[in-house]
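Here is the structure we will look at, set down as structure tokens.
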């Protein structure tokens, strides 16, 4: 199949998926009991007040009409106004997105480092106790989800040996000179390493909790792939040239073994991003997921819709990119 | 004094099954020794033992492998690797799998020179270009920058030959270097290897199934059966009058040397039975002491 | 001799896998017993508050009160008794939600993978859409819609997690459907539903069982997460997630309120998943 055709088909299915998400989230949250308007007004507000505000937010119209208005707005980049904060949903969501992105990417990097190290060590000492220990650790890390790892980390590094912060994104008393919400990134650009260190000290545990299960997956897949690669002819040939085991693994095997693993990491990365919702809650990290839970609790319908759509866009986008990358990197698929 | 001298080398699966049974053979400097035997006889195993690439499931139980007088089996692993890398090289069987798909050709020829032998990059690059013209590859500069999948099987085998000769090794192990190639290319590659061997004066351990090739390239010959050397002789003597019944049958099985019309003859069962009895007797002796 | 060694090596692998299965199964069995007999086992009333006995430490620490083995929470409720009663909720959710999810997801996956065509089209698109939702947020949303309570949690888990079964079973059914024995069954005159149930289902059953075990572990976690964000059962009822949520806020004053339910939850999730992995090894023809 030619590349353009694959691209077209994938774009189409992505569009269908996003439309499906939009429909489901819109109608599901409208079944939520509890009138959001009544919740935001002070007690003692009259029926009239409620009706007036409902009309203001368009909540008095039939559901189908509301959906049409919302979708028309979304198409123009208008996601409506948050009921609790009365700010445009788009601004709120985009304001929180950098925090979640930074957390996810930090977690991804940690997972790759940890998983890569486990796989390389396991391959280097394959067949021995070290590999056995790594397998057991991987199995454990994989069996227990990020939420529980987060709690374990809080106990270990927040209480037992309090080296990291267990809540928030940054120490509130600090004076932040940032113009964007990509704090971690900007602190580096501005060479404010003091702020960077504070940000990392907050981000470390939530990122690690998200990273542990993914690290285990990377560790397992990459180790398996490496071990298979180590039996190939070109690796054997490199040994006869005088290279030692470690250098053979790093020079000859790693790059070829990494490609199949990378494509799987792409899909797993969306699961990691999904995990930020509860992990951000657990660590009171001011990202998208934490805002989402608040939005549900406050029945802030436009905000919930906006966040869910944004997550769906991120997920499908990551999957799309990974699929296309795979097609590009694999010449056989491109021409076949 | 031979450059490579294998003495009583026994190798077995760690689970116990013997694969090589007290193998002895010598390759003098500049000499070509053929290694023949049916599939599974252990020909490649000998090459792997010499080059220090026996699979982890396999262990050496006795014997020595003297490379330029030093027993490789007694050297610590790091020194052994260095010594083999400096003195010996491998021309592998399948050129399609023996090049790393994610590295360019250039570094795959020069890596040993730079990383192990400490050449400067410029010298190594010049050497690679020189080698590519020697193995008759047109446009060496383009080829050095290519990836393996952009080249044909014959080209890749030429590159592997160039790479094997890069460090001027004193010994090359060629493990059926032409079986994976087109028939038309096989002859050219064989000629190339023979020519390079003569010019560089490299000792060559040549693993093959093909007695025709042996007659053209080799001076000495070892015939292997079930990991046992049944005949060790000069090529001239072998074709004149093989001493062992098994080698005689092997020779008879190769049509060109008897009656071209007869086609490939199977080795007679009686001969197989006799040589298997020899192997069994050997194992009994080994078991008793 | 060679033979003997080979068998030795394999039995070692099996013994280790066996140990894992055995340990997980024992923990889960113990938990089932505890859940069944909770009212008799629990030393105290899990709901009884006593503000004078708030934040008592576990028995080995100074200041501990006899009878409160694992200490008390800020309202003076016995931690051990709450864990024991929490097992009821956890296991109920695991068993009920896991089974229903499995039935629905596996059926849809089987239909999609075996029938192909428009059935597969629709089910696959639905799976795509479901995969585009962040699962935790989705479950929180559903609980907000359905209102808190055990039934809501079970429904939420089923609605969200059926895709786990459908995806895998669909792929397996497709692979099985392409095999010769299925074609020959058809030739031999078996109808489509017959082929699906008699030929395909038995071959994907091991996978389904493994997935079911894993799903039970996931269900326990989902319940804990929902309790943690205060959306599970009513906040008084003892659930592990609810206890963890409370313990998280007072972790510096009374670590035991967090640690004991956390350890229980951790072991339970680990046991479900190790049980699944152990079963997978058992079913794997290579290892068997």
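The letters A, B and C name the chains in turn, as written, and every chain counts its residues from 1.
Everything below uses one rule, namely that a residue touches a chain if its C-beta (ideal position, glycine included) is under 8 Å from a C-beta of that chain, and two chains touch if they have at least 3 such contacts.
These numbers come from a predicted model, not from an experiment.
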{"item": "Chain whose Cα centroid lies nearest the overall Cα centroid", "value": "A"}
{"item": "Of all other chains, the one whose Cα centre sits farthest from chain C", "value": "B"}
{"item": "Chain A-chain C separation of Cα centroids, rounded to whole Å", "value": "23"}
{"item": "Chain centre separation (chain A, chain B; CA means) in Å", "value": "53"}
{"item": "Between chain B and chain C, centroid-to-centroid distance (C-alpha), Å", "value": "57"}
{"item": "List of chain C residues in touch with chain A within their complex", "value": "125-126, 128-129, 131-137, 140-142, 144-145, 147, 217-218, 221, 224-225, 228-229, 244, 248, 251-252, 255, 258-259, 262, 265-266, 269-270, 273-274, 277"}
{"item": "Parts of chain A lying in touch with chain C, wherever the complex brings them together", "value": "13, 16-18, 20-21, 24-25, 28-29, 31-33, 139-140, 142-145, 147-148, 151-152, 154-155, 158-159, 270, 273-278, 281-282, 289, 292-293, 296-297, 299, 304, 307-308, 311-312, 315-316"}
{"item": "Footprint of chain A on chain B - complex, ascending", "value": "51-53, 56, 77-78, 81-82, 84-86, 88-90, 92-94, 97-102, 111-112, 115-116, 160"}
{"item": "Chain B-touching residues of chain A, taken from the complex the two chains share", "value": "127, 232-234, 236-244, 247, 251-252, 255-256"}
